[in-house]
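These notes are about the structure you will find just below.
In order of appearance the chains are A, B and C, and numbering begins at 1 in each one.
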Amino acid sequence: MNQLLTSVATDELLASALGTLRIVLEYLGTVAFAVSGAVAASRRRMDLVGAVVLASLVAVGGGTMRDLLLRQPVFWIENPTLVLVAVATALAIAPVARRRDIGALARHRIVEYSDAAGLAIFVVIGTGIALDAGASPVAAMIVGVANGVGGGILRDLFAAQVPEVFWNGQLYATAALAGAVTLWALWALRLPAEVVFWVPLLVIVLLRVLSLTRGWGVPSVAVVQKRELQTESHA
Amino acid sequence: MNQLLTSVATDELLASALGTLRIVLEYLGTVAFAVSGAVAASRRRMDLVGAVVLASLVAVGGGTMRDLLLRQPVFWIENPTLVLVAVATALAIAPVARRRDIGALARHRIVEYSDAAGLAIFVVIGTGIALDAGASPVAAMIVGVANGVGGGILRDLFAAQVPEVFWNGQLYATAALAGAVTLWALWALRLPAEVVFWVPLLVIVLLRVLSLTRGWGVPSVAVVQKRELQTESHA
Amino acid sequence: MNQLLTSVATDELLASALGTLRIVLEYLGTVAFAVSGAVAASRRRMDLVGAVVLASLVAVGGGTMRDLLLRQPVFWIENPTLVLVAVATALAIAPVARRRDIGALARHRIVEYSDAAGLAIFVVIGTGIALDAGASPVAAMIVGVANGVGGGILRDLFAAQVPEVFWNGQLYATAALAGAVTLWALWALRLPAEVVFWVPLLVIVLLRVLSLTRGWGVPSVAVVQKRELQTESHA
């Protein structure tokens, strides 16, 4: 019995630690998403309003899409904490944004890995909520991927650019989809909630890291023209 | 009585044939819409992710708008068949998409006529659902037109281009509106459901064909500048 | 008692006059918003369809965002009057739109002040509805600002341009936010409905006028490059 209690205590400690880690990842991802919004605003020569709005859009745009598609209350209407985190991030970055190194910030490894954490956690949360809401597996995966990548797509739309996730050839939406499929499979196997949550999350982070460090990616569908080797830049 | 039975049988045969035709048109339209999405992705130099997303957006974007505006369950959350048809279309086209003739595919007569079928059926379904949901006639027509043209508008937005339906001068949204008005009039006259469904559908297809073959269209509202005869191309 | 009756009569007259003024401002704002949509359509060389759609989008896009975010019936589904006002405005402007002075129209003082009235009234209505719907104060302000500026943002998105409100450095979204904050403060103080409605409205109009006449604004977050004095134009 003593052993059992210890075991329970350990389980509770683990659960508590994982719960804390989950919240840390959620905030980390929100900040990274907001950074990418503020950087995009700076690159497109926006003003402070644009920076704050774009940062917020990246942070909560995907979750808003999820809630609208599932006809659930939009999560930030009742509790706008994550919006405020995004606004604070944008305001903190604004003073440095006029300097030239803002672009480097978005490509900094810390930001890229935080973004991977944000992508992973939002996809997992989105897919889980969709399955709980009774969505079909395919729809749940779509909603989960939209939860993860929707904010970045809105950021690019509002910057009047083709969403980067559609052309950069990296594993991004694909990593999100792999995580969503994994989550559905584990969920269908009725594995414990901890497994259903953390394994897909690790799958997404791993695929992102492999894409960033090893160049893993998806093929282009661009029309290949004969002499365009030197003009491969995206319009 | 024998005659009556025959008559009933014929009616049932007709109803069954029309029902099958309706489903055929819906799939045909979905494939044509998906083709236009995949072609747009290829032209904008996207990767496979962009092609799949754009194809799906064109196919189900209009219906999603309709359901959100009417506060009804989003149709593909429960049954994602049409999403899968669009994804399959995009994947089937991808291998040929890197070749130069992809643009020709989108302008192929079969694709253009299938697109007309898709436009017609989605407008009719959308307007009908909106009227059934108690929308005012004007709102029902708007929702129906959005159901038909919304997907293509989203495709162009995600390709960072001015939606083609807003500037190409063809009868497209106008054809959709004419069909929606016709549907409302027939519906208000309490004509049989078959008439309310098929007559507006034919009106839309006919107007599209007249626009494609005879050049029927709507006037431009572009600012005319003095010496721009040679620079009429759309930015 | 005679005095009381007179007082009541005066109050009723005032209330009636303010109610009429509110409706006048709402229509004035709708027309001004629609003008900006039709002008944007003309500048982007669209056809009549684009002009009508863009005019309607600016007029009712913000309110539609509000209703979707708050999960309330979309206001124009039941009563499409404001959509029809926008469509009529676009059709009335179309004949002059092909002439060169259409741009001057949008910058005409009457249109700019009517636009300020529209912004003010839509922000006040949106924030009020959101608070009534039980949104948190921060969310209510966001919804209110979206109600006011959302239509213009959609207009620019559909014209494939970076939304002007994100980069023009004027007090626009900021004026809207100041009005929304004011409204929330007065509402939290349980002041009379007339005060809660009209004071924030005047705040927004005043800030807009100061921005238009005195150049009050918000700072840019654009990356400043060394030799770009001559290339400051927005891409």
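The criterion applied here is as follows: a contact is a pair of C-beta atoms (placed from the backbone, for glycine too) under 8 Å apart; a residue touches a chain by one contact, two chains touch by 3 or more.
This structure is a prediction, so every number in the text was calculated from the model and none was measured.
K.L.:
What's the call on chain A versus chain B, same or different interface residues, using the half cut on shared numbers?
P.N.:
different
K.L.:
What angle, rounded to the nearest 5°, describes the rotation that places the Cα atoms of chain A on chain C?
P.N.:
120
K.L.:
Approximately how many whole Å separate the CA-defined centres of chain A and chain B?
P.N.:
32
K.L.:
For chain C, write out the residues touching at least two other chains, lowest number first.
P.N.:
As it turns out, chain C has residues touching two or more other chains at 68, 71, 157, 160.
K.L.:
Okay, in this complex, where on chain C does chain B touch?
P.N.:
Answer in residue numbers: 38, 41-51, 53-54, 64, 68, 71, 73-74, 76-80, 83-84, 94, 97-100, 102-103, 157-160.
K.L.:
Applying the document's contact rule, which stretches of chain B touch chain C when the two form their complex?
P.N.:
My answer: residues 68-71, 130, 134-136, 138-139, 142-143, 153, 157, 160-163, 165-169, 172-174, 217-225, 234-235.
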